[in-house]
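A, B, C, D and E label the chains in the order they appear, each numbered from 1.
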Amino acid sequence: MDFLTIIGIVMGFGLLGASIAGGGGFGLFIDVPSMMIVGGGTIAVFLMNFTIPDLKALMPVFLRTFMFKLATPAEEITRVVEYATLARKEGLLALESRLKEVDDVFMAKGIQLVIDGFPSEVVRDIMELEAEWQGQRHAIGKKMMDQLGGYAPAFGMIGTLVGLIQMLAALDDPASIGGGMAVALLTTLYGAMAANMMFLPLSGKLEIRAKEEALLRALMIEGIVAIQSGDGPQLIKEKLKTFLAPSARQSIAA
Amino acid sequence: MDFLTIIGIVMGFGLLGASIAGGGGFGLFIDVPSMMIVGGGTIAVFLMNFTIPDLKALMPVFLRTFMFKLATPAEEITRVVEYATLARKEGLLALESRLKEVDDVFMAKGIQLVIDGFPSEVVRDIMELEAEWQGQRHAIGKKMMDQLGGYAPAFGMIGTLVGLIQMLAALDDPASIGGGMAVALLTTLYGAMAANMMFLPLSGKLEIRAKEEALLRALMIEGIVAIQSGDGPQLIKEKLKTFLAPSARQSIAA
Amino acid sequence: MDFLTIIGIVMGFGLLGASIAGGGGFGLFIDVPSMMIVGGGTIAVFLMNFTIPDLKALMPVFLRTFMFKLATPAEEITRVVEYATLARKEGLLALESRLKEVDDVFMAKGIQLVIDGFPSEVVRDIMELEAEWQGQRHAIGKKMMDQLGGYAPAFGMIGTLVGLIQMLAALDDPASIGGGMAVALLTTLYGAMAANMMFLPLSGKLEIRAKEEALLRALMIEGIVAIQSGDGPQLIKEKLKTFLAPSARQSIAA
Amino acid sequence: MDFLTIIGIVMGFGLLGASIAGGGGFGLFIDVPSMMIVGGGTIAVFLMNFTIPDLKALMPVFLRTFMFKLATPAEEITRVVEYATLARKEGLLALESRLKEVDDVFMAKGIQLVIDGFPSEVVRDIMELEAEWQGQRHAIGKKMMDQLGGYAPAFGMIGTLVGLIQMLAALDDPASIGGGMAVALLTTLYGAMAANMMFLPLSGKLEIRAKEEALLRALMIEGIVAIQSGDGPQLIKEKLKTFLAPSARQSIAA
Amino acid sequence: MDFLTIIGIVMGFGLLGASIAGGGGFGLFIDVPSMMIVGGGTIAVFLMNFTIPDLKALMPVFLRTFMFKLATPAEEITRVVEYATLARKEGLLALESRLKEVDDVFMAKGIQLVIDGFPSEVVRDIMELEAEWQGQRHAIGKKMMDQLGGYAPAFGMIGTLVGLIQMLAALDDPASIGGGMAVALLTTLYGAMAANMMFLPLSGKLEIRAKEEALLRALMIEGIVAIQSGDGPQLIKEKLKTFLAPSARQSIAA
C-alpha cells in the first residue's frame, strides 16, 4: 500500500488520539448514535447519488490506487527499450515469449495487438480509448470522494442540530447543558474528521494517481507504436525520455 | 424506481428517525409554521426563478429518471445487432414489423426515419438534435435541484433568525430560552435536511443519468446509421462495443 | 408582469409574514436604522461598483424582463410563415404593409433591412450583432443582481456586528441583552431576505430570460433570412421547428 | 474622480456613521491595536504575495481608473472621423498638426505610427500588443483588490480570536465580558468593512473599467487603420458605430 | 531572499505579536498539544495527499522562488544582445567562452545546444519542453500550498471541537469555562494564522513567480533562436523588447 498514505493516516489519527487521551480519555468521543447519523447518513446520500455500475467500477480503481504500486516511468522506459532491442533482432513475434512476464494489463494488451499484426493506427486508437476509459474511472472515483467529503460535514451539522434541539427542549436542569452540548458537537467533529482526514485527502491522491497513470499510459502507447514501426532502441529511449522530468532523466543509463 | 435511491432514502431517514426517536420522540421535531417557512419559502423563490415551460418540461425528466429503467448499453447493442441481421436478410423495410416492440421513443423514431428512406446524414442530424434536447432538459432539471439545494438552507437560516429575534425580544422568562431556541433551530435543520437528503443527491443522480442517457443515445445513433448503411452485424457489434467500459464487454456474447 | 414571479413574491413574503404575525407582530421586525444600514450600504457599494451608463442600460432590460411578455417561439414561427407566404405571393416589398403591426423592435428592424434590399449576409451580420448586444445587457443585469445578492448579506453582517458591539459595551443591565441582540440580528435577517427573496431569484430569472430571448432572436434571424432567400413557407416552418423542444412542436399546425 | 464612486463612499460610510453615532458615539468603534492587526496584517500579507514591479505598475492603473475620465466611445468616433476627413483632404502627414491636442497616449502613439509611414499590419500589431499590456495591468490590479478583499476578513477573524482568547483566559470578573467581547469583535467589523466597502467594490470597478478601456482601444485601432487605408469618413463612422450599444448610436450625428 | 516577503512576514507577525504582548503576554498563546493537532494534522493529511516524487520536486522550486533572485527581463535582453554581437563577429562557437559565466541553467543549456549545432527547431522544441516542465513544477508547488491553506483551518476547527467537547463534558466547575474555551480556540487561531500568514501568501507568490519565469523563459528561447539564425543585435533587441511592459522599455539603452 502507498507508503506516505499510511504514514499520514497513522500520524494524523495518532496525534489526534494523543490529544484526546491526554484530555480525559476516549470514552467521551465515542457515541454510537452520533456515528450512525454521520456515517449512515453520508452513505445513504451517497447511494442516492450514484448507481450500482459506478460503485462496481470503483473497487478496482481503489485497489489499484492504494494497493498496487505503479511502475515508474523510468522502469517502463527500460522495459520498452529492452523489447525494442529484442524486436529488432528477432522480429516482432519474438515479443510473444515475454508477454507472460508483463504484469500490467494495459501494456500486455498493446504488445498482443502488435503481435497480432494490427496496423499502427489501430493499435494507437484502441490503446488510447482504453487509457481514456481508465481516466474516466479515476474521475468518477475522485468525484465520489469529493461528494462524500461534502456530505459528511453536512450530516455532522444535521446531527448537531438534532442534538441541540433535543437538549434545548429539555432545559430543565441547567447542569445537563454541558454534557448535552458535548454529545451534540460530536457529530460535527465526526463529519469534519471524515471529510478532512479521509475523503478529501483520498480525492487528492486519486487525482495525482490519475495524472501519473495517464502519463505512463501515454509513454507506453508511444513506446509500443515505436517498437512496431521498427525504430532503433536508442532513438526510442531518447523519445520516451521527454516524458520524464529533467531531474529524473539521469536515472536511465545512456 | 431506482433501487439505490430507495435504499438511500430509507436508510438516511431511518437512521435520523431512530436517533430522534431515541432522544425523546418526534413531537419535538414537527412544527408546522417552521415547515411553512422553509418549504413554502423555497418553493416561492423557486417559482420566481423559473418559468412555467421549465416546470412543465421537468416532469417527464423526473419520471424517466426515477421511474423507468434505462436499457443498459449491452441490451441496446444486442438489439441493434439483431435488427442489423434482420435488415441484412430481408431489407430495411422488414424493420417495420419490429417497430411496435421498441419501447424507447428515441430508438423508435430513428428506425422510423430509416424505414421512411431518409438519407443517412438527415437521420443522424435529426437524432443528434433530439439527443441534445434531451440533454438540455436534464441540465435544466439539475440546475433546478441545485437552486433548491441552495435556497432551502437559506430559508432555514431566515426562519431561525426570525425565531431568534422573537425569542430574544421576549426574554422576560429565562426558563423559556431553551424551548424558544429549539423551535428557532428547527428551520435550520429542515433546510439542511431538504438540501442534503433530497435536492443535492437528486441533482447528483440527474447528472449521472444524463451522462448514461447521452452515452446510450450516441450508441443508438451509431447503430441505426450503421444498419442503414448495410454494415454486417458482426462489424456493428465490434463498433458499438467501444461505447462500453472494457469490464462490461464480456457480457456480450461474441 | 411575469405571473410566476408574482405568485412567488406573494407566497414567499406571505408565509414569512404569517409566521411573524403569529409570533408577536410586525413591530418587532421593523427598525429603520437597520434598514438604512443594509439597504443604504448595499446601494452605496453598488454605486461604487458600476457606472452610470451601466445603470442606464439596466432599466430597459428589467422592464422587458418583468413587464412585457416575450412572444413564444411558436407564435413567432407562425408569424414568420405568414410573412413568407405573403412575400412569395406579392414580393418582399409587400412586407412593408405589415411592418406597423410588428411590436418587437428586433423583428421590425430585420424586416426593414429586407425591404431596403440589403444583401443577405449584411442582414444576418447586423441582426446577429444586435442580438449579441441584447445578450450583453442581460449579462450585465445578471451580474448586478449577483453583486447585490452578495453585498446585502455582507452589510447585514456589518450591521449585526455594529449592534453587538454597542450592546456588549453597555452590558450593565443584563435584562437588556435580549432586546439588544434582537435588534442586532435584524440586519442579518434583512440581508438574508434581500439576497434570497429578491436579488438571487431575479438573477436566476434574468439568466433564463436571456436564454429564451437568445433562442427567439436566433429563430427570427433564420426566419428573416429564409424569407429573403425566397424559401417556401412549408420549408421555413420545418426549419424553424428545430428551434422548438420536441414536445412543443405539435402546437404548430402542420 | 469617478462621480458614482464618491457618492457610494459618502453614502455608505455616512449611513454607517449615522447608525454608530445614534447608538452611542464613535469612541466605541475606534481601537488602534485592532486597526493595526487588520490593516497591518492585510498589508503585510499583501506584501508577501506581490512583488515590487507589481506594486509599481499598480499606481498608474489606479490613477487612470479613479482620477482621469476616459473619453466616451462616441467622442472618440467623432475625433477619428474628423481626422479621417483631414487625412483625406490634405494627406496623412497633415495629422501631425493635430498630434499635440491628443491627450490619450495610446491614440497619439497610433497616429505617430501612421505619420511615420509604418505598414498597416505593423501599426495594428504594435497597438494591439500595447492594448494587451494595458489589459494585463488592469487584471493584476483587480487580482490585488480581490486578494486584499479576502485577507482583510481573515485578519479580522484572527484579531477576534486573539481578543476572545485573552478575554476568556481572564474571566475572573464576569462584568468585564461585555467590554472584552465588544473589543474582540471590532477586528471582525474592520475586516468586513475593509473588504465590502473598499476592496471588493474597487475590484468590481476596475473590471468594468478594463472592459470599457478594451472596447475603446479596439475602436481606436480600427479607426486608425481605417484612416491609414484611406477609407472615407462616412464609411469609417458607420464601421466604428458597431462598437456602440444601439441605444448610444443616436448620439452621433449622421 | 525575496525582500518584500521578509518585510511582510516581519510586519505581520510583529503586529500580531505586539497586540498579543500588550494583551497579557505570549504564554497564553502557546500550547504544545494544540500546535501538534494543527501542525501535525495538516502535515499528516498533506502526506496522504501527495507522493514522494512530488515532495522531492518541491524543494528546488521553493529554493529558487525565495532564495535566488531571477534576472530581470531587461538584464537578460542585454545579455542576449551582447552574445548576438559576439556570435556575429566571431561565429556561434565563440559563445563557448562565455558559457561559464552563465548562472542560469536554462540559458546555459540553450547556448550549449546552439554550440553543438542542433537545428533551430530542435533547439526550440527542447527548450520549450524544459520550460513547460518548470511551469508544471511551479503549478504543483502552488497546488500544495493551496491544499495546506485549506487543511490548516480544517484541523484548527477539529482541534477546537475536541477541546470544546472535553470542556463541556467536564462542566462541573463554571469557573473553568473561560480557560477551557480559550485553549480550545487556540487551534482555530493557529489554523487561521497558518493559512493566511503562510500558505496562501506563498501560493500567491509562487503563482506570480511562475508567470515571471515563464515570461523570462519565452524571452530566452526567442533570443537564442534569433542568435542562431544570425539576426543582427539591434533587430534582436527590438524583438525582445516586446516582452517588456512599455514602461520598462526605456531602461534598455537604444
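Just so it is clear, a residue touches a chain if its C-beta (ideal position, glycine included) is under 8 Å from a C-beta of that chain, and two chains touch if they have at least 3 such contacts.
Labels paired with UniProt names: A, B, C, D, E = Chemotaxis protein PomA.
Because the structure is predicted, anything quoted here is derived from the model rather than measured.
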Path length in steps (a step moves to a chain that is touched) from subunit C to subunit E: 2
For subunit B and subunit E, chains touching each: A
Rotational angle, Cα trace of subunit A fitted to subunit D, multiple of 5°: 145
Computed distance of Cα centres, subunit E from subunit A, in Å: 28
Distance from subunit D to subunit B - Cα centre to Cα centre, in angstrom: 45
Shared-contact residues (touching 2 or more other chains) in subunit B: none
Contact graph of the chains (line, ring, star, complete, other): ring
Residues on subunit E engaged by subunit D in the complex (per definition of touch): 2-5, 7-9, 11-12, 15-16, 18-20, 22-24, 28-29, 175, 177-179, 181-182, 185-186, 188-189, 192-193, 195-197, 200-202, 204-205, 208, 212, 242, 245-248
For the subunit A and subunit B complex, residues of the former touching the latter: 33, 36-37, 40-41, 43-54, 57, 60, 129-130, 133, 137, 147, 151, 154-155, 157-159, 161-171
